[in-house]
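Before I ask anything, let me first share the structure, which is written out below as structure tokens.
So that you can tell them apart, the chains are marked A, B and C in the order they are listed, and the count of residues begins at 1 in each.
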Amino acid sequence: MQLQTLPYLQSSHNSEIGEELYQLISKLYPICRSITGNGFRETLNIINQHIPLQIHEVPTGTQVFDWNIPKEWNIKDACIKNSQGERIVDFANSNLHAINYSIPVRKKVSLAELKEHLFTIPEYPDWIPYRTSYYQEMWGFCLSHNQYLELRDEEYEVYIDSSLEPGCLTYGEYFIQGKTADEVLISCHACHPSLCNDNLSGISIAVFLAEYLTCFQPHYSYRFIFIPGTIGSIAWLAINEENVSRIKHGLVLTCLGDSGSFTYKKSRRGNTEIDNVVTYVLSSSAEENKVIDFFPYGYDERQYCSPGFNLPVGCLMRSPHNSFPEYHTSADNLDFVQPQYLAESFFKCISIVNILENNRVYYNQNPKCEPQLGKRGLYEADIDSQDRKLNRMAILWILNLSDGNHTLLEITQKSGIVFDEIKQAADVLLKYNLLASSPKDGL
Amino acid sequence: MQLQTLPYLQSSHNSEIGEELYQLISKLYPICRSITGNGFRETLNIINQHIPLQIHEVPTGTQVFDWNIPKEWNIKDACIKNSQGERIVDFANSNLHAINYSIPVRKKVSLAELKEHLFTIPEYPDWIPYRTSYYQEMWGFCLSHNQYLELRDEEYEVYIDSSLEPGCLTYGEYFIQGKTADEVLISCHACHPSLCNDNLSGISIAVFLAEYLTCFQPHYSYRFIFIPGTIGSIAWLAINEENVSRIKHGLVLTCLGDSGSFTYKKSRRGNTEIDNVVTYVLSSSAEENKVIDFFPYGYDERQYCSPGFNLPVGCLMRSPHNSFPEYHTSADNLDFVQPQYLAESFFKCISIVNILENNRVYYNQNPKCEPQLGKRGLYEADIDSQDRKLNRMAILWILNLSDGNHTLLEITQKSGIVFDEIKQAADVLLKYNLLASSPKDGL
Amino acid sequence: MQLQTLPYLQSSHNSEIGEELYQLISKLYPICRSITGNGFRETLNIINQHIPLQIHEVPTGTQVFDWNIPKEWNIKDACIKNSQGERIVDFANSNLHAINYSIPVRKKVSLAELKEHLFTIPEYPDWIPYRTSYYQEMWGFCLSHNQYLELRDEEYEVYIDSSLEPGCLTYGEYFIQGKTADEVLISCHACHPSLCNDNLSGISIAVFLAEYLTCFQPHYSYRFIFIPGTIGSIAWLAINEENVSRIKHGLVLTCLGDSGSFTYKKSRRGNTEIDNVVTYVLSSSAEENKVIDFFPYGYDERQYCSPGFNLPVGCLMRSPHNSFPEYHTSADNLDFVQPQYLAESFFKCISIVNILENNRVYYNQNPKCEPQLGKRGLYEADIDSQDRKLNRMAILWILNLSDGNHTLLEITQKSGIVFDEIKQAADVLLKYNLLASSPKDGL
């Protein structure tokens, strides 16, 4: 797999792919998603226009490890009317106004009673917070603190036209069969309503990454899952428990559209190949970046990295959850994410996949002393079949370290040569049978 | 075992316990101790007023590894008289005046001959040095250098009323039966005469620590030994060779009454639980402290950490041996140690014991994905049965790392949360059966 | 083996040995060596005047792993004549003028054609470069860039009286039988013509080191090989493949006569005993030094450290290859190397050998508790049979760490005591049977 030969990417400049990523986010933004319900299904339908998803419906009450699939939630409308009957807080303006998973309600309330059901952010008085109450039945509204302060002491009517009934939890899955059964898992939570960075950005990048990988038969099989956060990954792990050992590498993608620098949260194991690959990709760029150790809070890596699974799954972000004030507010909107940042994030994912795909362990077929490069025309700097100059030190490093104990990335890191030159040199050595996938003798 | 519920400590403020520690030192200070003899027995008798000691007598000549128990030494009087018959150097003023283990002598000597048997500290001309000659028979006196310089050229009478006869080496032992047979060894050398920091401070703290632990049935069994230095620990190890494998953790306590900052000398292994616990306790305080690697000099840790035993025994001190000028001189007196420093040292020991006692390895009983905390009322910050706010991150860290490979202290260190909150959260998880002492499944 | 008792060294002051090392270089300097041929044989003959070499001749065409022994090259004369018939470039002035392994040629050429066969160093216009063409048949001349610029457009005659015929590759070997069959390999490439630092310096130091070691029966057997670079070590490894497992430590010696500080390039394994020993020796001196990781370029360590052999062989240099402008030019001459630097390098090698020879693992024979040093007269600082003061801390460190897992060098490094005092203390403990080469009991 060579990045530059991909038809998909050949047709896309950096700005074009950025725009495409942004357009998908724009299309998904208005939908009121939750961990269950039609908003989630509608989201999967839009994704399905890009990649053919397998849709799974898990019935309410199904036990998934220590949890049970909750009732399905749907909502049509919600508002607070003042005594003049004006819809002063209106779900039609922002689906964040209704507490996600609010039970239905229609009644008249005093200001005092109303206030017990209102949530604001005093520090950012223009923003509407995003609140949920999945496992504790209640109703409530979120609104800007400024609006809250203007509420007069009168009678209000609260109206939430929602339903909380037995139904299903829905998730989507897209599988690309690679040359091997070893899998790379790409996981996105898709349960947040009108919030762009968290996590329409991750969804959009995953969709285009899936499209990109569909153009080849990659070495690994790739499994993309679009799931509700926490309960979704728990359900997915419970349903797929038998098969998780196939997952050799994984990434949770989220918060990839803002202007912050990249952050990679390592897997619980901390030293897996995906950890090394992402760390290398981030450190290969001049931009600032942070690689942080696993901690048991954040996104669905919490479940993948629970001790009974302990999968090699990390989490790629720009600004991490809770580190930016717009997090879980109405300010995480279509202004907060930008095409250029989405495009950068997408290409980081491509770079990661590119290294994962090519990061093999090879065996020097002449392990005793150096082979004679000169008689093969490899001693003096040569050019490969694509007219690129060969790096002779890359050849020597690969020959010296291809003892079955070093991946190409490890050779890259020991030698200080960039991965692409190492990969290119390895390809030439493979062509000349100086390198192979299994040992010959003497090793 | 909860620190705040201890009857002993409830009745003692910091200053009260400091005074009690100091009073015991004051009582022991006048006695002329040595590695054998009645001074050592008298010391054990005073300790026995606090904790019931088992007294052991090991006969002279008994072989203990490469050594033999020496003759027993006792002393009644010693002096140097000038030509006027005045006792110018008098054992009654300080038992440091007589070389410890001096053979008996009574004779007239010239100044020149006398000087061959005199020891002083020219750098600290007011202080009397502490000297011993256990294994080479000789007689001699220690005195201040100022007094030495005043000696006139006249005839002197030297008199040492000592005995060096077959007898016994004496040591005392106090054992607290815990819930398990695994032992914590607390070792103090008790062979020094009128020297406070080295090691009446260690003895006093050990005695009160033993009293404290007697109020409970601790998890570990605790063995306190009051022994002569070197030959005592060698004898104890020889006699108890079969049982030392029970010792899971150990501390030599010494030099704990001076104003210096804390120093912990690690066990020879360097990475044992006691090393981690003491390092954590010292680093948890804002005070300066030093944790140093094992070296084969110092106190009885030399024997516990000899290669044939290699026990997990470290040494807790304030100022280490040889690092303060008062060391092994008459200036290591009742002014040099102070109640406040003794109290601080005592509470450090309590903190160490508290963590040792609680530092278990647990197993998450729902290792696959996170358990649903909300349905148990643990998702939102809750309070425990003692009305303390629970730390939810502590709960998540414990669940994530309770895979049988991490002690609570290791979870403390990985999470950056203080041990007490980790312990408190673990107790709550144990109560809800989310944690247990053995694995359930999937781990 | 005690450094100070060596007859060879007793007769040599630092300046004397420096002069002797320099004289051997001076004698070897004029010879036109190559990877095969009579220049190499003449070089071995001169070495043979110091140490009796076993000369090996490997016939042209012999396969050695992936390589074949090339034709033998010999040269008698070479020159470029101008149109007046003057020898303007003359092999008699410098054997660097002819490309090493040039095929014979005699013809008239235009300036344009001539220039295709000329090599210079524009950055150092006075120096003649050193060029070879072992595996690609061609002819050519090296000259100073200044002379190149003065060449007028006239007809020239080029003349190289060389032969490239079936023959042999020659190398020399010197073996010292030690007390054990375990070997130390000292390897020098001896294929460079008139170049002093690279590598007459290494050859000369190896010769005198071999002479020195011949005065004793050392613990290890020592094998010195004088071989052509690359093809020589490949041939030697191919011929001796069955026996290389005897090589326990090895050094490539090169570039040891210039004024640069010492550089040690570690073996591929990076943590072998020779790596530790050389690192210790270099760091024991106040002079600056560099210890660098293995990389697959440089000298014959490339072959010894190829993955199929992975021998514990490092490379000792002052200025490393390619790091000094004189490298592979006529400026690497008899001015560039100096007796004082050669002497320093020689003594570094002696120090390395001294530690290798003495760096044993011993077993404390009284591993349980400390042995009683006093009854053996070892407690108070004592003197050994050579009247040197004993270091009591050295004794305690050796006893504590002689558990079969620590070499004397490791004890040196843990204790911070110098190796010589550790070695001296170990000798005393061996004498008293407190230490032995095998465990007694309890360990």
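Note that in this section a residue touches a chain if its C-beta (ideal position, glycine included) is under 8 Å from a C-beta of that chain, and two chains touch if they have at least 3 such contacts.
These numbers were taken from a predicted model, which means no experiment stands behind them.
It takes 120 degrees of rotation, in steps of 5, to superpose the Cα atoms of chain A onto those of chain B.
Both chain A and chain C derive from one sequence, and where they touch, under half of the residue numbers involved are common to the two copies. Our note on geometry: chain A versus chain C, Cα centroid distance of 56 Å, whole angstroms. Within chain B, no positions touching two or more other chains are listed. Taken together, the chain C residues at the contact with chain A in this complex read 64-67, 135-136, 230, 233-234, 237-238, 241, 268, 295-297, 302-303, 305-310. Here chain B touches chain A in the complex through residues 364, 366-372, 374-375, 379, 393, 396-397, 399-403, 415, 442-443, going by the rule given at the top.
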